[in-house]
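The following pair of complexes shares a single chain, chain A, combined with chain B in the former and chain C in the latter.
So, the complex of A and B:
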């Protein structure tokens, strides 16, 4: 019995690889886009316009205060009602990118706020433009604060990507559901699914830990 | 570069820095009261007064770190606070030295000095670095070119900060209590650099209580109290023969030690 289950599981490995691939590709695209968007939003959140800042703040609160599953359903099932038809992959990327951007926005904004105002004044006094102040003075210092929680957030988002299985994307979690129908051993199957996520996330956990240690360094650029 | 201030009737004869009836409030607090003060090119003016008297606010208005509520402030022929004035451009002509140095901690001494020349003045990197090394040598830090601020003493950091301002070849240098955060034994190394800058003919406004410095290089001492200029005169007049009770009370406090 057990042996048969192993043989059957071994036969499912192409499906498992596909699922792992889907999880990695979806996460990678969403995290890259979400990081870019999140930095943009974080910079605007701390920029001059109070209106823009509160609009972004309200959106971030809304997204952080609702379940990701509900968000993804809204995008995948409700948007078509308004004539916006999306395939499951695009819907998944949009939902995860949005989620990532909102969390990263707050991390980046907190990092920017941690830079002493004297730094901005010094940059201002020497005639640097708004973008030069951000690029040359504020962001490099904010990165020391931003990087460890940012990488930690990546881990959370990769795990959150499992929710896309609910709209039919064949990611690692959905592969688990499919395989368990053939191999009736949920403990074993989902143990292996967990191992799959862990293999992707563990290097990032290590990286986050290393970055946190490096933050203690008193000077110099932050290097990965 | 517009010279808006120059074309204003009645404002044609302006100093390098010209305050006319400037007022500023923080909430209900009148931090600058009817300030009228003109600083000529190459003049060195020392501003002193008790803490909270508005002296830092006064010089922070000059490069727009603080905004004025009413009155006129004309710097290098341009009206500060006028939407037509390009403040970013004007700031490149004004060096500002902070009490707390505010060096960029993620950049070396040389990078601190060359950042604005490279990115604002668009000077080629090699040329800016050459000039930066010369400036650091001039403030006595030739051997600290590649040190990060955290590796420098307070006095060294403040000298880098002065070199950072000089790197922009400004027309005006403002100093906001440049030696107040320093240990006593480091004060003179910073003052020496400031004296050298003054002797090269820089227009300077210096908020400080260092009377030795004032006597050596200042043409004028301005005494402020409660947001107003109470007294102004040559260092000798002010320190030896203060005219008002408030300045006498202030001097007796800083001279007691």
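So, the complex of A and C:
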């Protein structure tokens, strides 16, 4: 009985690897796109135009105020009514990218606001253009505030990618769900699924903690 | 396009949405209380000197934070019957939410306690207070102030996370939207309506967080 289960589990390890691969690919694509979009939105949010800033703020609130599962359902089931047919993977990438961009936007905006206004004024006085000011003066200093929560956000993104299994994408969680139909040992199967996520997420959590300590120390030095 | 959007169907299904909303609210409330208990226990273990209590608490917190709630939910849902506990889906869901949020709350409380300046603790030691007195009279009242806003933030996360319980067929708000989507093939009506209800809860809790910040003076505490 027990032995049969092990054999059956061992037999489904290619499926598990594919699931883990899907989780990693899905997260990675959304992570890159979400970071780019999030930085863009964050810069626009603090960029002076009040209208633009409040439009972005309202969108971020809408995304932060609704469950990710509901967002996925909305994208997957409603966009087709507008003539946009999506497969589960594309819908997942869109939903995750949007979610990541909204959270990263707020992180970046907070980082930019933390840069003392004297710095911006000095950059203005030195005749730097808007772009130079952002790229050479504001963003490098903002990164200190941005980096630790940004890495933390990546962990959340990887974990949230599990929700995409609800629309049938065969990621790691979905694989667990499929395997448990054949091998009725939920404890073992989902323990192994958990191990898969842990291997991906835990190094990032450690990195976030380390960054937090280092950036905190660096920040203290500057304030002294 | 959504030219067939049927407000009439939404009104027709309103009692179902109402029930779902009520279920989401009370199951989130129970889970939050459970999470507070789990969080306080974990934090107490985590603040001990010896590793005997600290190591398991740390391991638990890390394990929960590094794995998705959905996998944890399935772990309990498919795993508990294996151990001989056949519980209703609703109970499994509340258990999963409490155990998950508890790990995050433990960290919030710990951060609150550690935010109290060392000088305060040293001063109370110098005044001859015992450990219990120090905690009860000096550290905890101040830590309480700092933890309320992030705790309300965690409550918001918990309410949103409770949507995942629909996947183990708990009849909460998201499930109501799914029913409308599958019974009548009206996903737009179903999911937009529940999104609106979740936003209602979100803005309510957010306003509460803002108010609590002002009442407790957390915003001005630094200056």
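By our rule, the second predicted complex is superposed on the first by the 215 of 224 C-alpha atoms of A that agree within 3 Å, B and C clash if a C-alpha of one lies under 4 Å from a C-alpha of the other, contacts with A are read in each partner's own complex, and residues count from 1 in each chain.
To be clear about the criterion, a residue touches a chain if its C-beta (ideal position, glycine included) is under 8 Å from a C-beta of that chain, and two chains touch if they have at least 3 such contacts.
As the structure is a computational prediction, the values presented were derived from the model and not from experiment.
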Partner chain(s) touched by A:132 [first = chain B, second = chain C, both, neither]: first
Partner chain in contact with A:64 - chain B first, chain C second, else both or neither: second
Touching partner for A:54 - first (chain B), second (chain C), both, neither: neither
Partner touching more residues of chain A, whether chain B or chain C: C
Touched partner set for A:198, first chain B, second chain C, both or neither: second
Contacts of A:118 with chain B and chain C, given as first, second, both or neither: first
A:77 touches, of chain B and chain C: first, second, both or neither? second
Footprint overlap on chain A, comparing chain B with chain C: none
Contact footprint of chain C on chain A as seen in their complex: 61-62, 64-71, 73-74, 77-78, 81-82, 155, 158-163, 165-166, 172-173, 176-177, 180, 184-187, 189-191, 193-194, 197-198, 201-202, 205
Chain A - residues contacting chain B, complex: 116, 118-119, 121-129, 132, 136-137, 140-141, 218-222
Residues of chain C that touch chain A when the two form their complex: 1-2, 62-63, 65-72, 74-75, 77-83, 160-164, 166-167, 174, 177-178, 181, 187-188, 191-192, 194-195, 198-199, 202-203, 206
Complex interface listing, chain B residues touching chain A: 63, 65, 88-89, 91-92, 94-96, 98, 100, 102-106, 115-116, 119-120, 148-151, 164-165, 168
